[in-house]
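Remarks on the structure that follows.
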Amino acid sequence: MSTIETNRSWTHFRVDRRNHRYCHVTFDHPPINTITATTVAELSDLVGLIEQDRDLNVVVFDSANRGFYLAHYDLENDPCRTEALGVGPTGLSAWIDVLVRLARAPVVSIASIRGRARGAGSEFVLACDLRFASRENTLLGQWEVGVGVVPGGGPMARLSRLVGRGRALEILLVADDLDGPRAEQYGYVNRLIAEDQLDAEVEAIASRLARFDHDAIARTKSYVDQVTLPDNSELGPPWNDFLELFRRPAQQAQSARLRELGLNTDGEFERSLGGRLVESLPFDEIIETLARTQEGRTAS
Amino acid sequence: MSTIETNRSWTHFRVDRRNHRYCHVTFDHPPINTITATTVAELSDLVGLIEQDRDLNVVVFDSANRGFYLAHYDLENDPCRTEALGVGPTGLSAWIDVLVRLARAPVVSIASIRGRARGAGSEFVLACDLRFASRENTLLGQWEVGVGVVPGGGPMARLSRLVGRGRALEILLVADDLDGPRAEQYGYVNRLIAEDQLDAEVEAIASRLARFDHDAIARTKSYVDQVTLPDNSELGPPWNDFLELFRRPAQQAQSARLRELGLNTDGEFERSLGGRLVESLPFDEIIETLARTQEGRTAS
Amino acid sequence: MSTIETNRSWTHFRVDRRNHRYCHVTFDHPPINTITATTVAELSDLVGLIEQDRDLNVVVFDSANRGFYLAHYDLENDPCRTEALGVGPTGLSAWIDVLVRLARAPVVSIASIRGRARGAGSEFVLACDLRFASRENTLLGQWEVGVGVVPGGGPMARLSRLVGRGRALEILLVADDLDGPRAEQYGYVNRLIAEDQLDAEVEAIASRLARFDHDAIARTKSYVDQVTLPDNSELGPPWNDFLELFRRPAQQAQSARLRELGLNTDGEFERSLGGRLVESLPFDEIIETLARTQEGRTAS
């Protein structure tokens, strides 16, 4: 008997139980699939159902919005308040808890990526087991350092193990977007699939996994988990850093400028966020830099 | 004085001592280079000789069969019974013991890969130090999950460290064949070499290694071993899982269907095993899936 | 207030403080940018200044010599004697100490690579956080095993984690040069940039990093450090192996032959060192190998 009922309603995604072994989830939270406390609460419930579902082999996560897989966290338009979410069953704060439980679930999770997945969106795909991405239409990134905070949902732990020190530091510190080819080259995703074949190929993989023996999948995955997953103790401190740095007045001011520039809305700013986030950086810094450049020119 | 005598006879491979520092081994076990208890026993002896040979710098393993490097384990046509092999000098069961000792030997082992290496064949190449593969003619894979068992010879430990979590999970859980270009992209092999240059380039590498100082090689390798090799304690439990799952009636029935389809024989089924293994999956599952699909269609 | 004063003079590199957050260092030690005790002592001072500079976000290291980024260590033309350098603040010997402190500094270090970086030159770029390399004009390698010693500055620890066991063993044991495309494929560098765009692109990355919040960078990097950097205890023993093997009469004789062939001078030998180092291997070995080959031919 399946425990994930398809007739339960969700607000930030749709759930389609394709067969007793295979569940398909489509993010659909207009306008740009931001993640809010509601998304986290619903994902927490969904992962709880996945954990208890002894029939389930595979869950695919895709997006109804071709431009945005999961834009990033939206702390502003967040009616039920992220901090009120508290901690989940692992004892970690709710967002990290969702990602930890998804990664450890005895089920193959597949991110089928079209469009942008930055910040918490990237953290979500990094917590999935397999990542397949559109060759022509993918932008991934961890933009947090560019807005003065530490990424809170585990990408230091996950990217370091997945792509190695040099490329992880580039993704995290330069904080720019990676397009599909670079994401594939770096190992950020498993591999690219042509945009018009992505759905069919992911469907074929999921259908294949749905036919395999559940215990063989669950046990094999658990051995990979032992080698590749971070200990929970790695994940708490960065979250606290995120909260501490985000509360600084300078970051609050930068957040206000980001909103003025178009953050959380469907437009050119969000589409080019990796490059354009510099427009939100403190103005005095720009002045100072220009002044020094000018000095340099005068001196030479 | 060399301890690997070239005049000893072996049944599943040939040994050519090219010079006192360089030994060449060619798998030759018709029709498709399956691995049986005999192969394991002979490899265990060979690795013992390699471990004691203070002159030896490098061992190359290639195949006399251009279509099959090492097909996979053959539990059926196995006159001296795998389980009777017991444990090796490491205290691990014989097959794992061979792989662990080869990886730790103070000698550079090179897999020069043409054709198919699946299951235990893939486990063997993963235990070699360097893997060079034919660009046009390579298929690698861990098919075990597709036939309802956990891979027993250590690929969760080795692939997780070699290619990272996402790609390791794909190889192990989707359980399909990877061709040369994908194996290279994922880091499953060091790199591809054009089919008609593979022998010459591997020969040049081996000859170069044969001229280097033995201690410099052995000590440098041992430092890499410390960082990259799994602890032996990781390797025992999956082997026990393999045996437990394999003995289930459903897996015995699937094995019988695999044999009917052409497993262990030189033919189209073995050539396309990654894709065609689904034909051996339980029929009632197919019926059930079709029924549910039908329901879905009727409902919509 | 910056602690790295641009008016201090250095002999093996130039330092340009481009702004209070961004420092540019150019190696300039003719004829081929070898590393000597002087380089190590100066780098140790520079890293000390970097560690204390609370303003600094990013340091770029490039080379004034387009053919040689950092050739390798030069033990011969070394007026102030490497061994006299003793240990640094970490308690590790001076060269390893410099690399460990650079990697742990709360600053993003970028190697902008043109030309050759072998041996200690490769060890330096591996200790940098990000490595960008000229597509057309890069040669990287750890040549030490080819001259009978263990690499002393940590590449077993760093490459094993960066590129995985198989490719690390190939780089370290085959000890040949990797050109740009192979270095990128293996993950030895982050990625390649066309020769004529390298400076502009690295400048854009550094300028971007210079505008970001220092704490966000420092804390995020420290979490990656925790996962990806080797423990100091891994780094001491290979250095002792290097010294022990290097002092052997056979290695001293090989060093003399290397000097006769053109080591440490700007010429064809240094340009093709990865391939040509075999010319310095012991002559009796060659004779022996030829004799055995001859035997083989006569026997067949």
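Each chain carries a letter (A, B and C) given by its place in the written order, and its residues are counted from 1.
Convention: contacts are C-beta pairs under 8 Å (C-beta built on N, C-alpha and C of every residue); 3 or more make two chains touch, one makes a residue touch a chain.
Source: prediction; values computed, not measured.
At the chain A-chain B interface, residue numbers used by both copies make up under half of all numbers present, so the two copies contact each other through mostly different positions.
The copies chain B and chain C differ by a rotation of 120 degrees on their C-alpha atoms, rounded to the nearest 5. Centroid to centroid, with C-alpha atoms defining each point, chain A and chain B lie 35 Å apart.
For chain A, the set of residues touching two or more other chains reads 161, 163, 187. Residue ranges of chain B in contact with chain A, taken from their complex: 144-146, 148-151, 156-157, 159-161, 163-170, 172-176, 182, 185, 187, 230, 234, 237-238, 241, 245, 250-251, 278, 281, 285-286, 288-289, 292-293, 296. Against chain A, the residues of chain C that register as touching in their complex are 18-20, 108, 129-131, 161-163, 184, 187, 189-191, 205, 208-213, 215-217, 219-221, 223-224, 226-229.
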